[in-house]
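After this come two complexes, each holding chain A, first together with chain B and then together with chain C.
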Partner chain A sequence: MKKNRFGGRALIALCFLFLYLPILLLIFFSFNAGGSSAVWRGFSLRWYGELFHNRLVIESVATTLLVSLLATAIATVAGTFAAVGIYSLSKKWRDPILVVNDLPMMNADIVTGVALCLFFVAFFRGWGGIARWLNSWQSLIDFPERLTLGLGTLLIAHVSFNLPYVILNVAPRLRQMDSNLVDAAQDLGCTWIQAFFKVILPEIKPGIVSGALIAFTMSVDDFVISYFTAGSSTQTLAMTIYGMTKKRVTPVVNAVSTLMFLAVMIVLIINNVRSAKQAKIAAKRASMEPVRENPRVVKFREWMATPRGKLTRRVTAAALCAAFLVTVVFLTAFTTSRPVVNVCSWGEYIDESLIDEFEAETGIRVNYQTTDSNETLYSLLELGGADYDVIVPSDYMISQLIEEGRLEELDYSQIPNFELIDPRFRNLPYDPENKYTVPYTWGTVGIIYNAAMVDEEITSWSALYDDKYAGQVLLINNSRDAFGIALKYLGYSMNTTDPNEIREAYELVADANRRGVFQGKVMDEVFQTMEGGNAAFATYYAGDYLSMLENNEDLRFVIPEEGSNWFVDAMCVLKDAPNYDNAMKWINFIASTDANLRNMDTIWYASPNTKALELYPSWYEEQYGEELDPDIYAIMAAPQEVLDRCEMYICLPRNIRKLYNDLWIDLGI
Partner chain B sequence: MRTKRGLFAVPYVIWLALFVVIPIVIMLVYSLTVEVETATGTELAGSVENFTGMSLYMGVFGRSFWLALVATLICLLIGYPVAYLMSREGPGFQRVAMALIMLPMWMNFLLRTYSWMAILENNGLLNQLFQKIGVIALYNRLTGSDVEYFQMIRTPGAVVLGMVYNYLPFMILPIYTVLTKLDHRLIEAAQDLGANSSTVFRRVILPLSVSGIVSGVTMVFVPSVSTFAISRLLGGGTQMMLGDLIENQFLGGAYNPHLGAAIAMVMMVIVVICMLVMNHFGDGEGEAVML
Partner chain C sequence: MSKELIRLKDVTQVFDGETVLKNVNIYFNDKEFLTLLGPSGCGKTTMLRIIGGFQTPTSGDVYFNGERINDLPPYKRQVNTVFQKYALFPHLNVYDNVAFGLRIPKDAGDGSKEKIKLSKEEIDQRVREMLEVVSLKGFEHRSIASLSGGQQQRVAIARALVNRPKVLLLDEPLGALDMRLRKDMQQELKRIQQQMGITFINVTHDQEEALAMSDTVVVMNEGVIQQIGTPEDLYNEPKNAFVADFIGESNIVDGIMREDKVVEIFNRRFACLDSGFEKDEPVDVVIRPEDVDIVSEAEGQLRGVVTSVTFKGVHYDTIVDFYGFKWLIQTTDYCPVDSHIGIKIDPDGFHVMKKSKYSGMFGDYSSYSEEYDEINDPTIIDEEEAEGAEDED
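Moving on, here comes the complex of A and B:
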């Protein structure tokens, strides 16, 4: 028997090792001196220090806790009442309600998320009319005409998926309860409300507590439903992490997760020790041995039972609730009363100290959000999931947005710094009269390869389709770029609208795919993969190459002789932006030479500001006391003769976009 | 008096109608319409095009259900013995083990999955370990091949691993709960009647834990079949699943909520049918055996 048990324990231990291995790794790397989650650079507490300056992470942790706590509180109270209500109904009514109650649990999260998202969007579309009508006959409350996904919808969604858990935990307790108890209480003169509080509630308390705990855990851990219902002006920690997994998860997230993990672990340990003690006491009591309890505890317990003690307990509980509510109200009021500007950009695409500086200078709060691609941004706008003022899309997306009438013309009299923009980057095809945009960055796409794994100099896109490098090539996970490059290699225009040419490009990629040339399709995951030397080739942006180079010196960048894509990302303002004037101030601030220099230094993308572009090498020398490698500068800001080889994307017509998508899905299978 | 307390259920019924039933109806409406281009812009028109055109995605459907099935089976094969062994330990051990199983949920699942990437990469921890202890050299000698690493990430296996890793606790917990509530007198009775331990397990313990298995299988299979983050991180874009497809229609490159709603609808129907069949095998009690 003993031997048997040992084998069993070994199996359980193995299972736990499997569960905890990645977690230990995460905790380990939170103490990494370097910025990578894969390469160890020595011990440091750097990321725990940086945690307090990383606004994105702190705000998303706060949002997560706020939403989870509120949703749990609401769901626990409402769910308890609902469970009591449902169980006093006749079977005829109870069963169908329980079936509907189970639906969100049976359904995949993604279905619940999508359904709620569509529901909110449909509701918001209809809301404008209702609000106008409500405002027309009463002036007491001013109903906003435009609603967007955000904290409110997130909270509703969380309450919605928490409720079934509470009900399902309370229900068994109700079923076990002797219903005669309630009748007895009422016979003895209780009102039914009293019976509820004095008889039912104490009986089902354990169910309520475990329901609340599960609801809270689910809320904190949820990603999918939040992702579809929070829009992108509100981010939970899970959403922030999802955004980062695409690029690079900063160890700050490891640090904050480690802290949360340890906090919960301590709570669990205390809880375990306490219940172990209680079990011991119970065992002693059962064996009739006198239990020696701490006299202070006994006294305290006695005092708690007195009317005065009860009153104190209630007052304390009420005070805690009130404090919680006041904090919530205060926080919401604090964040909404200041003038704001809502900015949406890409991940790791700004020197964050600029945000603080702008806030200090103008008193305008910057609500800085990120999305991961032009397409995601477009989807969010289309779904009404976003309430941005300033967005930073790329060229082809800008022309699509202009075409659809989604952008507001800029008031250039409020943006004197526009004069500093190089004429090369004004009046570009996406905005020929330059009425809507102020360029933010520009750059090129090229091949990134690992010189330690490739023994020739790469000059052509052909390497990406070459059997020689089977299993070593990362295909860019974006139909436009992947087919665009193939088109360029075949000698066609990247903007062709000829379906035959596009199909030919597709065949080239699909054929290479069949031969097993591609290791995978990546977007921002390229950072980790290339830095770790896990693939030899990737296609990506010059600026990102330079930040990879900091972590792996073997990497090289080349713009192939066939030519490539060059792009401009520009700041625009959405139609009916709620904070138009603040948006102008932000754009002007970011267009300044100083801001451009600092951005260039942080993100390694070239600036469109003439002076900043010119000054950067000397500015770099001043900052770091060493000369900027001219080759690096040439990669960052490609010289004009390279740009002449490159093409800028223009917006494709709808049917061609559909063709791209269909071919892309074909490739994925 | 009962009826008075029944009033407590009214707000919840309204809530259910508003936030559970109506959203699904709206999703159905979305899935049955398409955007049609007209002279003045786009217009909505009723159509079943979304469903008929879905044959394009048969491969994705097949892969999703297949990988989810494999992951669920592996979870069951690991989860049942672990739950069984745990339920036979002392109360102290059980408490600690339970806490240890719940605890990982407090570290975001995306982060944990991301951590697996570092382990499984071609140059990752596992391959480095294999190199150090000579597994790769041994493999090369045995098969006469010349590999420097095992390709683990960006394979279907990696996606299954991610699913098993993330959802294993959801298999262990319900089975464990059922097993701890098992009436030990039944086992004793069986033994008294001459059953040996394997017969006891087969004829008494296993049938009595079916409800836990059903609930565990549901809780692993449903999130597995619809995942999109795991397949993206560990499958490296090569293992497109239903979740990816749906996400892509809503917040990704191929913006088309109508098609997305249709795919979600089909997935929902298939999953519900699977679950109904499963519940038929269980004792039909709908109580969640979670904790």
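Moving on, here comes the complex of A and C:
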């Protein structure tokens, strides 16, 4: 018997360990002095400090708080009235309506999110005509003709998914309430409205408060629905965290996640303690047994009945209301105002002080958003939910966007700094006449390997297909790169349109796969795996290699003799960009030599600015008081002879894109 | 007694096609303690709710002081209610519960728009006075949850009476209390009513409570008033088998009125005090269990066999089989089961009633034990009542 009980306890402990271990690990590594989430380098609050200097985080916290507070307030008021309304219906209607109320909570967030997004977009499409009509016969209010996803839609979405939770929490209180209470109040002279405020409201207050608390945590927590309804100019904290993890998980993510976890936990604990207390009172009340009162509580209540107590209560209530209003006004001012430019880029792809500087200099607010891949960006554009001004896609995506007429020509007279771009990076195949783009960064793809696990110097792609390293190779999780490398190794062009050559490349990869060479397909997990020494080989970007090197000195980078891919990410402006002139200013600002130097230093990707490329080593020495390792710099900004060996992707014809896709699916892994 | 205060005229109430009150005509006098008595579903609570203004009758009129008040909302009526289970406001303490009605500005009553607002001092004085009336002085700051059932009951009464209504409605006021407390509160309610000098209209299904407290009792069944009278009238002169059965214990047998003051039951003629029936008119005859004397078989007017005996403290409940009809006899003489006995009934022991639709439905104690259980189990009736209330919403 005893043994049994021990077994049961162990099982429970195991369950909880399983539940909480990941979160404990996350919290643990948020205090890591090092930059990795895998290697412990001692205790430090460094990442928390960095968090509060990260403007993206601060801004999205402000947005999240604003939306959550407003959505909670609106949903709580509306939900309470809805619940009271539902309870005044006859039983025949009440129960089905409560079931209908439960449905949205069970529904998958992704369905709700997509549905809301499509609804908004459809509404916006029809709105133009309505606005023109409204403006045509009245001039009192000028209705904007073009609406986009943003704070407003985000708020509406949050209110809509919070409502059922409020109703769900208020409804049971109404059910428990003695139906005679309202009659009693009316009997004593109240009208129905007075009865509502004097009797119903205090009676269902616990339900309202817990409904509001749950709605608030739901709002703060929500990612999926926000993602589809926030549009390009607004970003919640959850979305920011998601964007950060796409690049690599720095402990800043751990820090912000830890804080978020704690915040939600505190709210839930408050709520649970409250409902436990309420349940106790309710049980006592139901049993009709007198409750023994805490003399201190009695004393407090007596004090509350004195004029001074009443005054204190009123002052407290007024102060809380005022605090709420001030917070909302402040957050509103912080999140919306001034001219803006909406920029969409990759995570951790800019020195953020540049954004502050640009804002200070021009007074234009920068909505800086991130997505995780060219493909995600493309699907966002296709959905019509995005209204970015400036995007920073890669070369092959740019040529596709130009082809589809989704880009606006740039006004180079407003971008004098374009002159600073090295001729090598102008008029590239993706934009032969250079009408649409200003290059942002460029870089190369190569082999990253762990010298402690490999006893030879690597110079060829062959290592990636070698039985010797079975189970040690990470295959890049993207068909273009994976087959492109194989094509290069076989001596073909990366841009070949010959199906036979592509099939041959596929066979090479598939064969290695059958022989168990690959550990798995990775994209962003590459950082953790390589830094932790859990794989010997990976194919990745030079700039990212340099970030990894900071956390694991055994890592090496090489561009194999067969050649590789080199790429350019360039700034472009979307067709019908709402803030075209601001976009020009932003592009010009980022193209400056100073901005290029600082970006290079932050993100370790090479600049296309001639002077910045030249000046970086001396600038580095000035900044850090030590010389920049020329080998490192050569990896960061590959010399021309290396580039000559490399090829840039160009947009493949549709049938070849499909072939890539089919073969990639066949590969399976 | 005194002047008429409330009158219901041809009041009918229908819920979802079900008639709960049928053409009710009744008036209530000032300063009387009146009880609406009947089984659950008889319409007594509905009648109370119509007077309180929580229900508008389907047809018919309600008059207060001669004025039609059908459309007057509850908050404008000079009537206050003590609800079932009290409906005290749990979020307020005793003092604030009692002061609740006083703090709400009322119409001046003279048709002007102005509202009367009582001063704090006056409210305080009236609340304290009323708490004294219901013996709850010193409980001002106690929370409702910390009070016993009896104390909550007093708060509910104080909360209603502090508004100085002309009429106090009480909906099963003692239903949630235990036996002993109920007895005490009966006295207490009567005392308060006399002290305040206003009309109390009480609703209950407990006939004992009704008889003990009321000046007038209204017996209702199936939405129809069966009889109105003083407790003594109802007991001694029930109008039909339903009333006879509902008020106290009764043996009801078929009889024939042979002539004035002669009634025939079991083919035997008995002297009685009733008259005014047709010759040979079939009637219902009520014989109260305590009016039957047990004598030897030889002396008896009727002869029967004892089938069960229950000791009740003061007396025995003895069930006797007379020619297949079972009587309840309450007697201090012990007669063992299976003994053959005779009985004697004095002329004032008979009460003769006209035949009604209830004839033959009551007054036979063949299934005595079950019936007895039901009467003594208030929870059964309570639950039915609660269900009935739910349907009425």
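To be clear about the criterion, the second predicted complex is superposed on the first by the 487 of 669 C-alpha atoms of A that agree within 3 Å, B and C clash if a C-alpha of one lies under 4 Å from a C-alpha of the other, contacts with A are read in each partner's own complex, and residues count from 1 in each chain.
The working rule: a residue touches a chain if its C-beta (ideal position, glycine included) is under 8 Å from a C-beta of that chain, and two chains touch if they have at least 3 such contacts.
These figures come from a predicted structure and were not determined experimentally.
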| item | value |
| --- | --- |
| Partner chain(s) touched by A:Leu311 [first = chain B, second = chain C, both, neither] | neither |
| First (chain B), second (chain C), both or neither touched by A:Ala82 | first |
| Partner chain in contact with A:Ser275 - chain B first, chain C second, else both or neither | first |
| Chain B versus chain C as contact partner of A:Arg301, first or second or both or neither | second |
| First (chain B), second (chain C), both or neither touched by A:Val100 | first |
| Touched partner set for A:Thr217, first chain B, second chain C, both or neither | first |
| Partner chain(s) touched by A:Gly189 [first = chain B, second = chain C, both, neither] | second |
| Touched partner set for A:Ile266, first chain B, second chain C, both or neither | neither |
| First (chain B), second (chain C), both or neither touched by A:Asn661 | first |
| Chain A: partner with more touched residues, chain B or chain C | B |
| Common interface positions of chain A, toward chain B and toward chain C | 183, 186 |
| Interface residues, chain A side, partner chain C - complex | 90, 178-181, 183-191, 194, 198-199, 202-203, 205, 281, 284-285, 288, 290-293, 298, 301-302, 305 |
| Parts of chain B lying in touch with chain A, wherever the complex brings them together | 1-13, 15-16, 19-24, 26-27, 30, 37, 56-57, 59-60, 78, 81-82, 85-86, 88-89, 91-92, 95-97, 99-119, 121-125, 151, 153-154, 165, 168-169, 218, 222-223, 225-226, 228-229, 233, 235-238, 240, 243, 245-247, 250-255, 257, 260-261, 264, 267-268, 271-272, 275, 286-288, 290-291 |
| Residues of chain C touching chain A in the complex | 52-54, 73-75, 79-81, 83-85, 87-93, 95, 100-101, 104, 106, 141-143, 145-149, 151, 159-160, 163, 176, 393 |
| For the chain A and chain B complex, residues of the former touching the latter | 8-9, 11-12, 15-16, 18-23, 25-26, 37-38, 78-79, 81-82, 84-86, 88-89, 93, 97-98, 100-111, 114-119, 122, 156, 160, 163, 165, 168-169, 171-172, 182-183, 186, 192, 196, 210, 214, 217, 220-221, 223-224, 227-228, 237-238, 241-242, 245, 249, 253-254, 257, 260-261, 264-265, 268-269, 271-272, 275-276, 279, 373, 375-376, 378-380, 382-383, 471, 475, 477-479, 518-522, 525, 528-529, 532-535, 654, 661-662, 664-666, 668-669 |
